[in-house]
Amino acid sequence: MTQVTSSMTPQAYLKSLSRWRAAEIVFWLATLLPFFLFPSYLSLASQIALAALFALSLDIILGYAGVVSLGHAAFFGVGAYAAGIFSKMVWGEPLTGLLFGATLAGLLGYASSFIIARFRHLTLIMITLGLGLLAHEVANRAHWLTGGSDGLQGIEIWPVFGLFKFDLYGTTAYGYSLALLFIFFLASRRLLNSPFGLALRGIRENWVRMPAIGAERQAHIRKAYTIAAFMAGVAGAALAQTTESVSLESIGFQRSADVLVMLVLGGAGRLYGGLVGATIFMVARDQFSGIAPQYWYFWIGVLLVTVVMVLPNGILGGLSKLTARWRKP
Amino acid sequence: MTAVALSTRGLSKSFGSLPVARDINLELPVGARYALIGPNGAGKTTLINLVTGMLAPNAGQIFLGSEDITALEPQERVKRGLARTFQINTLFPGLNPLEAVTLAVCERRGIADRFWQNIAVHNEAIEEAYEILSKLRLGDVAYQPTRELPYGRQRLLEIALALATKPRVLLLDEPAAGVPQEESGDIFEVVAGLSNDLTLLFIEHDMHVVFRFASHIIVLVGGAVFTAGSPAEIAADPGVREVYLGTRKHG
Amino acid sequence: MRPRRGRFSLPRLWGILGAKDANKVIQGEEYMRHSLLAGAALLATALLPAGAQAQEPIRIGFISAFSGQFADTSAQMDNGIKLYMKQHGDTVAGRKIEIIRKDTGGPNPDVAKRLAQELVVRDKADILAGFTLTPEALGAAGVSAEAKKFMVVMNAATSVITERSPYIVRVSLTLPQISETAGTWLATKGGAKKAYTMVSDFGPGLDAEGAFQRAFKAAGGEIIGSVRMPVANPDFSAFIQRAKDLNPESIFVFVPGGAQPAAIGKAFAERQIDPKKVKIMSTGEAVDEQAVKAMGDLALGRLSTWHYDYNHKSKMNEDFVKAFNAEFKRNPDFFAVGGYDGMRLIYEALKKTGGKADGDALIAAAKGMKWESPRGPISIDPATRDIVQTVYIRRVEKVGGAIVNVEFDKVENVKDPTHK
Amino acid sequence: MLPPVFGVLFDGIAYGMLLFVLSVGLSVTLGLMNFVNLAHCAFAMLGGYVTVTLVNELQWPFLATLPVSFLAAAAASVVLERLFYRRLYRASDLDQVLLTIGFAFISVAAAAYVFGTIQQPIQTPPFLRGSTGFLGLGLSNYRMFLVGIALVVTLLLVAGLEYTRFGAQVRAAVDNQRMARGLGIDVDRTFAVTFALGSGLAGLGGSLAIDIVGLDPSFAFTYLVYVLIIVSVGGLGSIVGSFAAACLIGISDVAGKYYAPELGAFLIYLVMVAVLMWKPAGLFGRR
């Protein structure tokens, strides 16, 4: 490895880090398979794609900037509610609704980032948790706007580009969700290979050193947090549109905790970690709960424990360690 | 009369009732090579923390050139040309030296917040980073994760990171701390080779090194400047011998 | 014939590949249209008349919160379903009944909607049933309307649900049905002129508050104050002290089932509000079996309006409770009776249609259906497809050492008052 | 005669004390051992089920079940600690989160399987029911009992960790494992015992909680948030801090509900965020 790379120029080396690998291309081609192989699973596939997008947004702050959040669903939920309400009050055109929801989530993320960027560790986790719970409570109390615990009613979404209606089979829903996931994956990939991505990794690797090399670490975190909130808003808005429903669960603690589990399961800080984690978690949940609707928690629990014991640092983290060991015995 | 690069006036700090810096007045002329010595617990690292803004003083002022930087955040001081290294490695273990130094260069050039560009397009920044690494004899390990580098190389990377900020004043906190004696010379060769415009202040315990590389020595005892002067003056000062050379421990 | 629920079966794969060959250009919009057509074909086979597929079982998709905070509600509903099927066999009109259970994990309309879609599209479910929680029912309602699937709501109690699809029928209760009865009764026969209301601050609580206050005022009573309490609220003492400060003659309470009924009951006692002196009226959840057990003597005198209790005196209910206990070692509750009556409705409707399971036939059969339930006589309002039933006024009393709800008055044939 | 609000305040403190007993164990393991144990409330749930089973099935007196639930939760935690947790003492926080969330999931399903999803009722002995008059206030007997237990637990813990040989060993092992080993301290055993102590306290808290908040399989998650709030507001590893945080949260919760019910559920979250912004390490945090 070292021999090969050390002969490269530094520019070529850095460029090579962001080159597409064969496995990635296979991965993205595989995301098209559900259309052909599992046409009756497209609704699930659509929700997996959105969960993956949500996990990817968390990865930007958690995996790269080291900001652990237990309140990330606040942005998901704001995106979902805003897109839902937009469809009721303005019109049902999906892309404008998506943009509206995501922008609102991004603005909220920007506002709260001024608090977030000042803290680390448990304090940070608890403040994000507290803000998340407050957002949930606001949604509950604003019954007139959100429908409270009954959920937001009367969302109607027009066909995408006026052509593709959201159908019972989830074909359009999966196409829409997958397209969004891919677009924001490309954006995240670029972001993480950018100077800014390097700065975020710097923050994760050494919080103390950053100011000593002249970095405005709080400004970096504010920016990352805003971007992550925007992306979470996209995921939430798309879920609201593809299911034509929003409930308090979409802004609740459970969703924040689930996305954290998905990301850590897949491997935080690895770009594909959230995608892999969301897929495995959601498929496992669907299959286990099909077999044992009351006790599927047990098997999910066993899955998590097994992964931690066998593959620390998430599935991708563990696998890369295993392959590294295998390469140099 | 040479211009002053860095000065402090009446700098004081105490933790609770324990004073760690007492009325410190320094003046570092441009291009100086100053050593800061003193027994363990004399407040040497604290002084660097105060000057770089990682600690807030209780009283006193800090000037970079003629600008009062006392109220500035650490990163703002860095941007004005005041850099430091750390006694205990404070690196980015998961980044390789090229990435780490490129990051520092990007921060200085103000392009570190560009999230829409691939880093590979910033050729000049990368080249500059690689030049710094080459100069510090780190070119051959530029692509290895920092945590896998030999310790001595990591000490050099400490300096490389500081140099990437293009400092006018560089504060080195025991640059060769923990490095075997035969290698520590290499590190100071590197330090000595730095540009003459750069103003240096370094903490060091090894008196051979201090007398060889420093043009001027400041002796800190109990948080206060005990005395200062040329190496010859310090070597001849019986007070220093008594409080410092006589009782010092190898650290 | 179609493969039986085989998810990765070869014949299905061949079918898809074959279809791909037939339409050589499958790209973009073409593909979309193609798959929609294929989907419509699939849907059509699901809707074929019963004669063509007499051997096919009738599949009931049972969507509910089997895990999480509301798991027990679904467990009891499932018990009711299981008991009915045990007693009446698993074959109706020559067709086998198959239940496919799907877990929503809680009030998740998005999950409920997806599960309903999957049940219809993948599992070929003919009927959707279950729904302990309103958001679940609302999430699935759109699928019922779009795919024309008969949908039986076995609990979710918000009035509006049945209006969301013409194929929905409800066999449980509506909150306004219960709370309005409480308000009217308390102001008239109950002899209270002033009331204070305490409800949980979420949809059902606000519905209950509104219905009670409306009916209480209409019957000449006066509301002297009200408080809305957070849904996740383990400690009630401060709210009860607020009520006590006003020294009300009667108090109306709505809290969701679970841990809160016992907690608020004990808090009344701790703040020395005696149900024997102050009329504490509530819906049935607040004095359910577990809550009364946990409160013990402190519950004596509590009033409530409700549609079912395992102590209801009727031969049918005694048999039901006995059979339920033999099977599940516990008493049935209103979730169980909802599941039981829901299955009864499905069985009887299928008998009427002769095994035809399409939405139009089943909803036509269900409208106006009347029968004797363990809770008493009930019927389905042909106009609103909602439940019409007797609401009982009960008081917590000690009967032979056991502390139970005793029915001492009732209002017959109560409809939901909010449907137009 | 005191105005009724004092009675309400007393209830709030008592409620806070319940949260204190539930959470102090986590403060010990998280603060001293730096281990993120999100299965903490699963041990509390175990204690609760032990008490319910002994009282309802075997007709044990309620008070006699409390030590048993402490021991049962402690024993269960030692088994988990030996088999799983100890291997992750040096792993990342996120791996610890994943492991312990996994155990919490398993515990929820296991409880539903063994005990059913039903809400478990419990009858406390007569002298703990109802209330006692004091200066015109009705003070709940059970809540007075809770406050008493919380005070005893606090005193024992503070005394135990500050003034005993074991406490000194724990602190030494936490500060510097290698040095502690060098001094002949059995670090593994010390950690196991500390962990068992924390989980045992959770078990005790679970038993005490049933009468006020009930018990069903979702317990392992429902109170996790409250427990985390107490631990973070109090400051990691500080027993006195947890005690103060529990009082603060309990009092502000009831006072808020009494004077401004429309603030409702917002209040404790606002208090938490405000305290942490003011003192990021918590009221009595060291860092």
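Letters A, B, C and D name the chains as they come in the text, with residue numbers starting at 1 for each one.
Here, a residue touches a chain if its C-beta (ideal position, glycine included) is under 8 Å from a C-beta of that chain, and two chains touch if they have at least 3 such contacts.
All figures in this text were calculated on a predicted structure; none of them were measured in a lab.
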Subject >> Minimum number of chain-to-chain touching steps separating chain B from chain C >> reply: 2
**OP:** Enumerate, in label order, the chains that touch chain A and chain C alike.
**Re:** D
**OP:** Specify the chain most distant from chain B by Cα centroid.
**Re:** C
Original post:
If you average the Cα atoms of each chain, whose average lands nearest the overall Cα average?
Top reply: A
Subject >> Approximate Å spacing (C-alpha centroids) for the pair chain A, chain B >> reply: 41
Subject >> Chain centre separation (chain A, chain D; CA means) in Å >> reply: 33
Subject >> Where chain C and chain D are represented by their mean Cα positions, the distance between them in whole Å >> reply: 36
Subject >> Inter-chain centre distance, chain B versus chain D - centres from mean C-alpha coordinates, in Å >> reply: 48
Original post:
Which chain D residues reach two or more other chains?
Top reply: 108-109, 112, 117, 264-265
**OP:** Mark out which residues of chain C touch at least two other chains, giving numbers and ranges.
**Re:** 67, 71, 75, 201, 230-231
Original post:
What chain pairs are in touch here?
Top reply: A-B, A-C, A-D, C-D
Original post:
Can you list the residues on chain A that touch chain B in the complex?
Top reply: 2, 5-6, 10-11, 13-15, 18, 190-191, 193-199, 201-202, 204-206, 208-217, 219-220, 223, 227
**OP:** Going by the contact rule at the top, pick out the chain D residues touching chain C in the complex.
**Re:** 4-5, 7-8, 11-12, 15, 108-109, 112, 116-123, 129-131, 138, 140, 143, 211-218, 222, 253-258, 261-262, 264-265
Subject >> List of chain B residues in touch with chain A within their complex >> reply: 52, 54, 73-75, 78-79, 83-84, 86, 90-95, 98-100, 102-104, 106-108, 111-120, 122-123, 125-127, 129-130, 140, 142-144, 161-162, 164-165
Original post:
What residues of chain A sit close enough to touch chain D in their complex?
Top reply: 68, 115, 118-119, 122-123, 125-127, 129-131, 133-134, 137, 140-141, 253, 257, 260-261, 264-265, 268, 294-305, 307-309, 312-314
Subject >> chain C contact footprint on chain A (complex, rising order) >> reply: 35-41, 43-44, 47, 137, 140-141, 143, 147-151, 153, 163-164, 167-172, 175, 239, 243-250, 254, 289-290, 293-297
